[in-house]
Amino acid sequence: MSLLFWRKSALPTFSRGGVHPDEHKELTENLPIEDFIPTNVYLPVSQSLGPSAEPLVAKATKVKRGDVIARVPGGVSLHAPVSGIVKGVATGPHASLVYDTVITIQTKPGDDDPQFPEQPGWQALPVAQMLESIRDAGVVGLGGAAFPTYRKLALPKGAKVDTLVINGSECEPYLTCDYRLMLEESEKVVLGSWLIAKIIGVANCVIGVEDNKQPAAEKMRQTIAGLGLEKMEPPVKMTVVVTQTRYPQGSEKQLVQSLTGRLVPKGGLPLAVGVVVQNVATAIACLDAIRNAKPVMERVLTVSGRGIQSPRNLRVPIGTSVEDIVAHCGGYTNDLVKILLGGPMMGRTIADLDVSVTKGTSGLLFLTAAETSITRYQPCISCGECVDACPMGLEPNRVSQYMEVGRPLETEQFGVKECFECGCCSYSCPSHRPLVQFMQVAKAAYRRQERKTK
Amino acid sequence: MADAKVVSPHEILVEGALPADAASIRLVRSSDADIPLAVISVKPGAKSNSFLLTTAETLNSQDNYQLTAKGVDQPWEIAPSPLALVFSVIIGSALINNFVFTRYLGLCVFFGVSRNKDTAIGMGVTFTIVGLLSGMIAWALNTIALVPLKLEFMQIIAFIGIVACLVQATDLILKKVNPILHKKFGIYLVLITTNCIILAVPLLNATSGATMLQAFGLSLGAGLGFALALFLMSCAIEKVNMAPVPMVFKGLPVAFIIAGLFALSFLGFSGLKVA
Amino acid sequence: MSEAEVTSPPTLHLSSGPHIASGRTTAQIMWMVNLSLLPALLWAWAVFGWPVLAIAASSILGCATAEYLSCLISKTESTLPDGSAVCSGLLLAYTLPPAIPVWMPFIGGLLAIVFTKAVFGGLGYNIFNVALVGRAMMMATFPVEMTTRWLTPALGNVDAVSSATVLAQIKLGGPEAVNKILATVPDGGHLWLDFFLGMRAGSVGEVSVLMIMLGAAFLLWKGIIKLYIPLSVLAGVAVMAFFSPAPTIYMLSGGIWLGAFFMATDYVTSPTTAKGQIIFGLGIGLLTGIIRNWGGYPEGICYAIMLMNILTPALNDWFRPKRLTADGVPS
Amino acid sequence: MTCVPGKPVVDQAPPSGREMVIIAAGLTVVCLVAAMILGGLYFVTQPAKEHNLHVREETMIRGLLGLTPQARIQEVRRYLKREGKDTQVIYLTGKKLAQLELDGKELAALDVPGDVTAAGSAEAKDEWVKKQIKVADPEHLKYAGRFFVGIEGSQPAGYVVEGVTLGFKTWVRFFMAIDSSYTIQGVEIIEHEEDPGLGAEIVQRYFKNQFAGRSLADIEKISVIKDPLPKDWQTALEQLGDMPFRPWAEKYREMLPKNPNIYAITGSTISSTAVTVGVKAALGNFRKRMNIVEKYL
Amino acid sequence: MSEHRTPPPVSTMLMRGLFEENPIFRLALSLCPAVAVTTSVKNGLMLGVAVLVVQVLSSMSGSLVKHIINPKIRIPVFTLLIAIWVSAMDMILAAYFADIYQQVGLYVKLIVAFAIIISRMELFSMKHSVVPCFWDGLGMGLGFLVGLVLAGAFRELLGSGSIFGIAILPFKPLLLVVLPAGGFFTIGLIMALFNWVDVKRGHKLPSGGGGAHG
């Protein structure tokens, strides 16, 4: 795959590592976003990183679309994605926490449901108020991390930021929701980006799009030109940069390097090199929050894989259960072996269909045995594929060897602490070694040790 | 003093005035000074006042020769340069006849200390220094006292005494002079006394009647060779420690097999001629 | 709303990501290497005749037997299908003189697998290249057969006259031997062409540089090997060729190409980073030259690779991949 | 501490001054006693060692030359005296100590007392010679080589020369037996470090016995060839035995002219050539030296 | 230290050195000669006997002098004792067994550095009287001797095709076995064999491999 001279494209990209798995985007990339509203939504209260939220409703409460139903004290809120009746507040399954408090709402649309019209003068709101709106709207990073956006945008004092990077890379195979958003709602993306730029006070915004999404890049360019951002107040210079299609192009550190050439220091954030990164979907959410005072109630996700009868790009209320989506998409095929929340590289498997969509769910993949890898792993043959694939320049092979003999606390020298678990190593390993898992366990061992010494 | 050296198996390059006719030149191997070697021709060399002698017999650059010429007072002594000599002894004892892999000496310490790379380096450095010192002292004692006084039967006792005293002395001095270094290398000093290489070097020197330079070369080469072996072994052991070695081979058996494979690789150096 | 009745799904697999893989497997790599070795074997068969196939079979059988038995004894699943034992056997056969008694490669393969691989826990844990240890062991065990059983190549009818390899002749005879060799080339013939194509006495699989290049090109195309090691090996040898009376012969014979492209690039026993690989390759090249020019063996690359194999763990420690951190310095 | 279990001495409290004296005195006494015991043993074993060595060499020489039990073996030792440009060669034979110029001109010659001649040990002889020849620095007078004369009755029955040659790895030391017409009677390898299976084959009869029966003229023309050893020739060489000076089988004599060259050991041309070159040189040098030293024997 | 412990039965003392605490294969002490001189049975036997004698004499003399030496200089005195016996052995072998001595001479001299001897003096002679020391020394020495002879026999048989210089192997010997590398392989294999026997007998393997482990 990689000869001595392996860069085949002149497009910008990150300096080392990365893989290029089969994209499989053709399954959904030409399908417009469809709306789907299920009869019931199941809302786990924990929807963002950080402390968990407390439910504010009880059984039989009538809720309207946009009502706050749970809140993290002093933090982001969870809103009712549909109008209806709370059927229960009880322990239920959560995509990643296994169990959580789940609010179940039966959908019952009413005539007086809020419509969230455009707020007058929204462009001129003070920054502090904008941040408040973002917080109240429950905006979190919709790329998957689900980090509260207001916290990311509230820059620490003295932080020097000069560039906003909008992440339209969508480097995970199968996923096409961001692509569809850029095509269908490019104006919202651009305006949202402009808003974020205004909030963090930068005049330069770069939108990174991988070259397998050329139509989206073209659309974005046209939209930017059409909107005339230079003339708006404040003026923002917005450019679309097409990058190489190479996983993990969408990872913050890699994207910052691809687009600005800057290297984020070890253990640091892009902020350290004057960059803030936001996902395209998050930009839209920010725009909704400020322009329409509309909280995050729904999200666009890709339902794909050969294990589902009809793949779709869906806009669903937060809390839509996998089971309802499966039913909506025609059911699964018989050779289904794995259901994933997220992309195939970093997504998580789920055990049952009663899990529901959270704010961070960007995809729902139904993989068949032919698509996924279920093999026993073999000894490391030191081929170095993982070292070549690691975008951070770590040595997963050696970490795995140390882990196999139970020496996790000697692996820092190979960089485990810098691993962000993109999965390139495991993907490229011909011996199918669970390298990311080894890295995770090693990191856990260090965390445990740090806890003990504290 | 005019210089002369063997430049190829049949040629000697001589600097200085030399009669042009081969008959008036007498070239002998120093150990066979009574048998002249036939000189075929004398030609002017590339540099001015230098001559190239061609001989019928094959010359050896490691050997000593003597060249005399009619009308020239000083004879030319042709000997391998001391530096080359020491170098060849060092390479010989460190690589070609590595004490660990071809003479099997120092194995206890070798297998004991090679578990960890840092320890291996520490031991290697300490050993090389102490080994060089003890080798030279033992050589001096042997040449100055034991041989002239016909006390060769005391060699073993004398050499082991020197090693023990030297280790103790180094320990004391190091403790006083550089406590940090002592803390780092002190533990290895105790182990050195149980390493048979340190005893084998003076014994070999005594048996072969080595000159000071040879003794120096052998002591240094043995130390370096041991340090190298230790380091390489520690690298391998670190790797093997992560391997699912079959149970009966765990520990020493597999270490021996690695040593065997090392010895096999070091065969590549056999027959190496260091000029 | 629901359009289909959702029944309980089939057994779902739970695992953490990534859930897709590159599709390459260890066995695939090994068998591709085996495939890439075939041109050289075909050439050997063409110029040396049937015995070379017997040698290859014997050596593969030796390796496979040892591999099978070691799996049997350690009660683990047989690792024969992964093709690595076959690969070792094939490579071992390539380093042997074509007229060696057929039972010897069997012994060599057997010993090589046992002492280099089985004892250490199997594929991936060996420190030395299995095939080369096999050759070195055979060299020590059957020194006469390993140094004298050469065949003069002839397309069609095999000339069974044994002679020393060209490098051995040069080592013994010096410049005069070179002249003698040059004199054997008919007017209008090209010595280098004979060597490049493989019309010379040599080990089974290394005589034809062209065939080795073909195999290597396949591996390069498939991305199984990279050029760092082979190129630096060749560069190292090229430096040392200046000391030789016949640089062309020096560069085109003695198994350098086989060693550079197929032995030194063995994943398990070579460093993983580019820098480490370059140092590794240069080390092999220079050591080969040292052994050839001043040492006891006319070919030398076998021991050079083994000696550098010893250093591989250290090279992996010394040459770390460049981290994607601001200072880019591995901590 | 891998090798010596138990506490190392250094861990204990340092001894007091008084204790130190006692310890030192004790150690000194022990050392002295040890030295005395070993010295005594040395005086017992040293002569035995030398005697045994002498006997071994004599047995080998007798065998090589095929001497009768009554025959006597006389060692001839050669020394070089070098002072400045002046070099002299000194021979110690059974009768004379001859001090000669390099070209053979006699400078001095004295009779050797019987006890020195008979002494088995080389050391005794060297010491006696050093007493007779005055040099400024003992380093200036050096032992340079030796050969043996086998004497039947009062006539020399043959000579054995000690020679060295540089083999594939290190020096190869050999004995070469010669009769009075400079025909080689046999070659015996005394010491070598060649590779087993390869160069080490020089000790095999089929190789070393190839030199037997060659005259000086034969040897001067001899070269090493890499052809395979003919089967019948090999059989003859094997049958010749280690100690070949016996009435040779007619067959062997017939075969010798058919094989004028030395067949190299397969795979060890360097070692084979080295021994051949060594034998050639040793024989040539011996003849030159015999011209000078013969009259002192 | 002056109290004598009750010595174990003679058979135990003898057998201990042969198997359980075999100085070469179990304790992994004094490995150098095990590889170096075992190219033939004869060499192994000769060095084995030398070690046996030195071991017995050193153990006994150590036991004799243990009351009169200052504990602070115990190790130097023990070393000296060993050196005396080794020197004596060396001279005797050089004088009367010159041909084998030529091959094993250096290793005879190096017996002085063999850890097995001083460790037995430390562990056993310090606590027991002369007679048990004799048996213990004999056991350890025999263990060493048997180890050397075993390795020597294996290597001579496979590597030279003979035993005691008498050719018995019908096929071409494997030269590798007499080379340095072969020595290491042989000892490694015999050690593995000892481990295997131990596993079969239901013992646990020594965790440290006798002080040195890979």
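Residue numbering begins at 1 within each chain, and the chains themselves are lettered A, B, C, D and E in the order written.
The criterion applied here is as follows: a contact is a pair of C-beta atoms (placed from the backbone, for glycine too) under 8 Å apart; a residue touches a chain by one contact, two chains touch by 3 or more.
Source: prediction; values computed, not measured.
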Original post:
How many hops, at fewest, get you from chain A to chain D via touching chains?
Top reply: 2
Original post:
What is the graph distance from chain A to chain C, where chains are linked when they touch?
Top reply: 1
Original post:
Can you list every chain that touches chain B and also touches chain D?
Top reply: C, E
Original post:
What chain is the most remote from chain D, judged by the mean position of CA atoms in each chain?
Top reply: A
Original post:
What chain sits nearest the middle when you go by CA atom centres?
Top reply: C
Original post:
Which chain's mean C-alpha position is the greatest distance from chain E's?
Top reply: A
Subject >> Distance between the centres, which are taken as Cα means, of chain E and chain A, whole angstrom >> reply: 69
Subject >> Inter-centroid spacing, chain D versus chain C (mean Cα positions, whole Å) >> reply: 47
Subject >> Inter-centroid spacing, chain C versus chain B (mean Cα positions, whole Å) >> reply: 34
**OP:** Hunt down the residues of chain B that sit against at least two other chains at once, touch-wise.
**Re:** 108, 111-112, 153-154, 157, 194, 240-242, 245, 249, 253-254, 257-258, 260-261, 264, 267, 270-271
Subject >> Of all residues in chain A, the ones touching two or more other chains >> reply: none
Original post:
Which residue numbers or ranges of chain C touch two or more of the other chains?
Top reply: 115, 119, 121-122, 125, 137, 140, 143, 296
Subject >> Chain pairs that touch, as defined at the top of this document >> reply: A-B, A-C, B-C, B-D, B-E, C-D, C-E, D-E
Original post:
In their shared complex, at which residues does chain E touch chain C?
Top reply: 172, 174-176, 179, 181-182, 185, 188
Subject >> Partner chain E, residues of chain D touching it in the complex >> reply: 2-6, 8-9, 12, 15, 19, 22-23, 26-27, 30-31, 34, 37-38, 41-42, 45-46, 48-49, 52-53, 56, 196-197
**OP:** Spell out the residues on chain A that touch chain C in their complex, using ranges where they run on.
**Re:** 1-4, 14-17, 19, 21-22, 36-39, 173, 253-254, 257, 263-266, 268, 272-273, 309, 323-324, 326-328, 330-332, 334, 336-340, 342, 344-353, 365, 367, 371-375, 378-385, 387, 390-395, 397-398, 413, 415, 418, 421, 423-424, 426-432, 434, 436-437, 440
Original post:
Which positions of chain B touch chain C when the two form their complex?
Top reply: 117, 231-232, 235-236, 238-240, 242-246, 249, 253-254, 257-258, 260-262, 264-275
Subject >> Residue ranges of chain C in contact with chain B within the complex >> reply: 73-74, 115-116, 118-122, 125, 127-128, 133, 136-137, 139-140, 287, 290-291, 294-297, 300, 302-304, 306-307, 309-314, 317
